[in-house]
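Below, chain A partners chain B and then partners chain C, in two separate complexes.
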Partner chain A sequence: MLCGATMASMQKRLQKELLALQRDPPPGMKVDEKSIQASLTQWIVDMEGASGTLYEGERFQLLFKFSSRYPFDSPEVVFIGDNIPVHPHVYSNGHICLSILTEDWSPALSVQSVCLSIVSMLSSCKDKKRPPDNALYVRTCDKNPKKTKWWYHDDNC
Partner chain B sequence: LCSLLPQAFSASQWSAGDGGDTDGTFECNICLDTAKDAVISLCGHLFCWPCLHQWLETRPNRQVCPVCKAGISRDKVIPLYGRGSFGFGDGGFQMSFGIGAFPFGFIATAFNMNEGRDAPAAAGTQQQTDEQFLSRLFFYVALFLMLWLFIA
Partner chain C sequence: MCIRRGELLKILVLGRGPEVDIRLVSHMSPLMLSRKHCTLTPTADGFWNIIDNKSLNGVFVNGIHLEPLVPYTLIPDDIVQLGIRLQNKTDPEFQYIFLKEPSLTPCHEHGSNKQDWCQNKDGKTGKTDFVEESSRVDHTIDHLATHLQATSSSQLLQKQTKKILVKGQQDVGQNCPEIVEQCTNDKVNDGIAQPGVMNRSECEERDLHRLNLCWQCLVIYNRESILDPQAKTRQKEAACHTMSVMESELQCSICSELFIKAMTLNCSHTFCSHCINEWRNRKAECPVCRKAVSTCTPSLAINLCVEHIVLGMDEDIQQHRRELLAARTKKEGVCVPCIVFLFFKLYFLF
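For the complex of A and B:
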């Protein structure tokens, strides 16, 4: 019964977010409506690198997975597809080292604010390179980036 | 689950119901719906009390406002009562208050008849006998009501 109630409130909120994103999407961002099933638990968002940055003209895809405890529980967010951005906080398997996706998550954040944070993370990059521990991490990590014990530090890359 | 399916993709249906066109001023920052049992944090952010409570339960060691990360605690949020809402749960609280208040009301009248009033009338006068009669009458009425309450 309780599970049913949380499921319903999670879907209600996701429906509101979906509607807002469809009506008024931030520049360069588009929800792939075909990717969304009935339960709304999985979305793909297409995004473009911001103009005037190292990622200008590139296109990326983000996969969002929501648990029934969303928005109290953060979504699982990874880059998918054939263009994973080369960035010091993005591993070649698509995992993203961004604190709002785990310990700094807040239920007041949304798909839109996560997308904007990721665009801004890419935009502030001055040197396109993979994280230093990329090879080891990609070989040993869990499929779910939320299971990784991330180490958050500076943000001046 | 399946019943939600058709709504998921039709934007028009959505805005029609549910007040989808509001500007968000009175929407809970967590469920994005109109705040129910609304509370406001000291930093000024609006939530449904059930939503905020669930968030505080989720992170017991880090009680911060979901919007601005200012410190927050469950005893420092301010409930908002609009016109017609009496308190948490609206109707429920009013009901229990009504039932709970009634016996206190008449015990007070039965036992504090003389408090804060004029001095009793002089003995032997017509007024005094009237008053005694009235006070006895009220006492028995009260006794009857009390017994009735206990039996019922």
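For the complex of A and C:
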């Protein structure tokens, strides 16, 4: 059910986050202004692979979808576009295996903190490869990564 | 600042809000004055009434706190103070003296029943060029201003005001012997009408009173306005900075609004009651530090701070907050004793 209070709080929060991201974006990140709807429920963030990492010079796109219960519910975050980073936690359909996007989400986290987590996840990668279960997962998963019962890969990749 | 009664009988609203007639902005404490702090109303018989519009920090006349919404008729030499004196300051920021303005304007223009009071013995009325007169009055006011500047404490101010007033009158007199003559005539008139009843000072007082009725002027002088303009800007900047820091510190990290019914967890992180309850339904840990929630206590002090800040914000923000509160309250249900308690606390605090 959509409650007025929740809707209103979501608007203010998203407005504030958007403003912060436009004013002071993390290095290599940029909100795609055209992708933002009036309701602010969907944004695309353009990002560049950080220099000095395996993804240097690559460009990616992250799609954020916010439910009416954001920030109590985590945003739905997937890579989209032609270039999905080859990474042990990123499936070829764009789904990301990152605990803060599901289990470890907290309403004090933000689009910015999610972006930074993803950048650091890519930056710490030493071997560009798909997750071991990629083929099976991509064939069987729900479109919404949040519906996946993630079994988080360990972070030693 | 000088407000004159003038020909136009207009109700004047003073305050810091955008839609007032005379906007007063505090450089020391942004919320010192309320949006529509007080109203000055010219009365039919030539006086001014001052009304405290239930302002937060009040209206004081000669140090006495006026009852809200009860008109007080100002008399010359009344010291009007809007808001309170800050603890670290010797004087209140908004302190004014109500002065009567000696005038050459014939009194019959101000109500027929008062006509005889100001007329000369022979029934003629003194007419002088209005512009000329007002420039002289301006001079007098400037004179008062410079004298006021020199005074430092409120008490001193009160004592010196009378002196200044007298001096101001003399100045006008020097500039225009006609007035003095006219005034003297009035005095003589009085003396004849009621010989022996009044002593000299009473006589003078009555004269003052009559002049007052004929043409009354409120000379309000803002002592702050003569401060060094740079100091003013600095003060203003400091106040703005404090406000913005307060605003960001008092924001809920979940909804990004200023706290609405702030609740503090055992880890000392604070959220709106609505926000943290909503989150605790999912997970009993602090959104910021992830510590398990064991206690969740209302933070009255934070609530009071927020309410105080909100009072100084634009009407649309206040409206948004009311709507938000209503929406959240509808969902949660209200604790009436808590609300009543908060109102009382707010009332007595300010």
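One rule holds in what follows: the second predicted complex is superposed on the first by the 154 of 157 C-alpha atoms of A that agree within 3 Å, B and C clash if a C-alpha of one lies under 4 Å from a C-alpha of the other, contacts with A are read in each partner's own complex, and residues count from 1 in each chain.
Note that in this section a contact is a pair of C-beta atoms (placed from the backbone, for glycine too) under 8 Å apart; a residue touches a chain by one contact, two chains touch by 3 or more.
Every value quoted in this text rests on a predicted model; they were computed, and no experiment measured them.
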| item | value |
| --- | --- |
| Superposed partners chain B and chain C on chain A - clash or fit | clash |
| First, second, both or neither for A:Q22, with chain B first and chain C second | first |
| Partner chain(s) touched by A:F72 [first = chain B, second = chain C, both, neither] | both |
| Which of chain B and chain C A:K12 touches, first, second, both or neither | both |
| Which superposed partner A:S106 touches (first chain B, second chain C, both, neither) | both |
| Of chain B and chain C, the chain that contacts the larger number of chain A residues | B |
| Touched partner set for A:L40, first chain B, second chain C, both or neither | first |
| Chain B versus chain C as contact partner of A:S51, first or second or both or neither | neither |
| Touching partner for A:N144 - first (chain B), second (chain C), both, neither | neither |
| Partner chain(s) touched by A:S120 [first = chain B, second = chain C, both, neither] | neither |
| Common interface positions of chain A, toward chain B and toward chain C | 8-9, 12-13, 16-17, 71-72, 106-108 |
| For the chain B and chain A complex, residues of the former touching the latter | 1-2, 4-5, 7-9, 11, 14-15, 20, 29-33, 45, 51, 54-55, 58, 64, 66-67, 69 |
| Chain C residues touching chain A - in the complex, by the definition given at the top | 253-257, 274-275, 278-279, 282-283, 285, 287-288, 290, 320, 323-324, 327-328, 330-331 |
| Residue ranges of chain A in contact with chain C within the complex | 3-6, 8-9, 12-13, 16-17, 71-72, 106-109 |
| Contact set on chain A toward chain B in their complex | 7-9, 11-13, 15-19, 22-23, 33, 36, 38-40, 71-73, 106-108 |
